């Protein structure tokens, strides 16, 4: 659900508010399901970052491409992936958006131009850069929005990707979601240049900072930078300042490196409340807000019901997806002398399907 | 057809020169493959350090920039992680990038993109998106390039599910396998070799002739011992085999793997069933290497056919030193191969 | 108990942050829990009143176990967070299925493992030797370390005059000696000592080829090894069992119906056991250039099994009474016949008794059960004329032949040992000791 950015009519903003609430309710539900051991592995929640998430995605064109790190539930939902597909993926079920094979960190939806969901900090940057390269090669009027966290800016991949984007004039906007902490380490402790947007200057690239909790400001900045990328092939860095209410992941209480006071204080500046206030200013009535809240709750409930009833992936297809369809024949001659189980689990486990 | 005759029937390996073949070097064969594929498919493009203006650090891409222009032959900054990842991203959108890495040693800095990204895309995203990327790079040692520039990490990649790894030993297979890799919809690592670039051989120039991935070839028939080799070790082994036949009357069969993942164990096993003895040779370090995998599979597939334990030979397990004498002592040279053959046949003094 | 991290399997209640009866709002910290990684506060995800605490401070529970009840003050429960009962199944259990049965085969392997040295031969040499019926023990290996390799087997196959495996003839071997193989007929062999491998019409008519069971293979190998490696010599004695026969008859009369009466073989076993205690070398083994002497006396009793011969062990036969030996011997024999004998029961023997008396065999020489020092072959008890003090008498006589490994037993000591056995049997009351 993306909207054009300049004039955001109240209905548009209301829709975006609805998306923000959907994300918040979804993340709360994900946390409960995780603690009930229905969701396994790592589960990184974006509660508190809804304005930055929804605003930047709203600024995208429908055929722009999105690439993110692993704190990606909100981005997937904002980009239009159904809550059912996301929750089923978190539950590891067959109809999850990655068919139960990726989990929380590896969401995607190619039909909506969302190319994941990546688990290695900074690993998605070169990939996003390569996608932008492909857009240039085809002369396509599209851009790539590449999301990353404040912790990723110190990875070598940041440097190599930004350099490549700048020297080749690639249409990619690097969105740094600065929630002040890379896992448990504050930006000040980790980064020699903590004004992260300034690092774009090392590549003579545009770098801007925006209040990530101000929905309209986010839409404006992101829209402008994406347009420059799309039309003028100018890459950019957009640093969105925000805060995450929960820990790094569900397994992190988030208290070892932050004080309760700080968290409570930041919660007072909840972007959802800010957006609500903004909507009221614009004349949106409470019934509409309540309806949006209720719709979000219902959508999350439906997603859980769907995920619970969806079957698990077929164990007999353990190797499905690993190689392109038709590759099975290439591996037939590898079977003699293989380790125990290889034949049953892999060669006959959907290899090349 | 048995495995051995099937492999032999592949004309790209041992067929006689026909009207459509030319004598060329291994590097020329690679260049031919790239030209043909770039002419055939506009989504194929080349990226790497010095591939354009410099004509390629090992001259493999010479002339391609002039023919196809800078959009399709892209010089990259020195940033392997960055441009290998860019190749991954472009491939995910349906392009067919050929990323040249100057030598396999430099692929290490991009390991994360190769192993954690390219190799995982198909499986991790439930088959929703593919990554038809080719990475081509030479391994190998010689010429005193010293420790950091002389490694052959074939096994590290061949051991990664989700990747395909090929390693041609002849110019004909260089052309055939690089074409197959480019046309393949999965990430393929094409491992070339520094000294092999100048080896000459007959190459069928038919643009549609492709060597299948996952099929080994019996490069030389014999009856006393099976040598299992790939890349430059095949070249060395063939020379030594001819020599030993003439000098000592031993008859050595050479199985050239050509593909490391998938690995054609059937052809190897058929050969060992015939000769009852196996010696596996590689350019890299044997411990946890390609030959370790071969030995494990051979002992399992050919247990009752073995007349002796499976032997292995590779680079001595040291970071390769600079001095010529030390380097030669460490490498799997023809002398060491000959001695290993005699030892495996219980003919050593 | 909530799952607070990906690796958490159980948690310990540290401190309750709310008391029973207190109001709880969503997000309130309810309890501090110690996990495998850290201590974490668990925030309530339902609102209501804390009506019951089910897990006390210090208690450790698995994830999913109830720890408290939050409801309204009237006791109705607020909808609880979904329980963790359907936690994902352990991955380990599922992996076992496709990998297949990894249990090693051949329960009689234990009997085989006691054999002498394993012959060094390459896998293909073994296969070819088996296919052509060539005994590896007859070959010399040309490979490294004396390994028999393919060309050695091929050479043996080509040589038409190679005889069958011959046992070294020990001194004093009576001409009526046969090798014991239970009730099984000797394998058909042609003039060169090899069994023909294809069913063809020959001068001997149609040939039927039978494969060997694993047990038969083991017996064949062990007997060949025994004869090939242990230099056998044989001592014969005739035991006057008259007193034993009379004694047993009285015992039988005095024994209630249904109870086991020791057999003559049981008496032989006991006699041997007592004698073995006095002659440790006879209870020992020659191994790797050394004598091994064992503190226990475990007598094996040869029993004909399904078309084969097995030797279950009567452990500590020297310490057991005659009736106990009788019971044990019967029990293991029954187990052998119904196939329920186990490897431990077939191993650990230090001496063997083999009795063919029930077939009317008067005497015979047995093959030592390697690596034991000796084996006693027992014949039938016959009423025979005997000379005593110059006159003719009738006595119940039993011939026994002791086969000895000449590397550990010599003539005189073996003779004394055999004499002791004979003495014990001729004075059966001594068996009650």
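When the chains are written out, they are named A, B and C in that same order, and each has its own residue count from 1.
Assume a residue touches a chain if its C-beta (ideal position, glycine included) is under 8 Å from a C-beta of that chain, and two chains touch if they have at least 3 such contacts.
Everything quoted here is computed from the prediction, not taken from an experiment.
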Note to self: most contacts are between A-B
Using only Cα atoms to place each chain's centre, name the chain farthest from chain C. A
Need the CA-centroid distance for the pair chain B / chain C, whole Å please. 52
Distance between chain centroids, defined by C-alpha means - chain A, chain B (Å): 39
Measuring from the mean C-alpha position of chain A to the mean C-alpha position of chain C, what distance in angstrom results? 64
Tell me, which parts of chain C touch chain B in their complex? 122-127, 142-144, 149-150
Okay, in this complex, where on chain A does chain C touch? 28, 31-38, 40-42, 92, 250-251, 253, 255-256, 315, 340-341, 344-345
Please name which positions on chain A make contact with chain B in the complex. 65, 67, 96-102, 106, 108, 110, 115-120, 123, 125-135, 137, 156-157, 159-161, 163-164, 167-168, 319-324, 327, 329-339, 346, 353
Taking the touch rule as given, give the residues of chain B at its contact with chain C in the complex, in rising order. 276, 303-308, 346
Tell me, which parts of chain B touch chain A in their complex? 3, 45, 71, 74, 76-77, 79, 81-95, 97, 112-113, 116-117, 122-130, 132, 161-162, 164, 184-186, 212-216, 259, 261-267, 269, 296-302
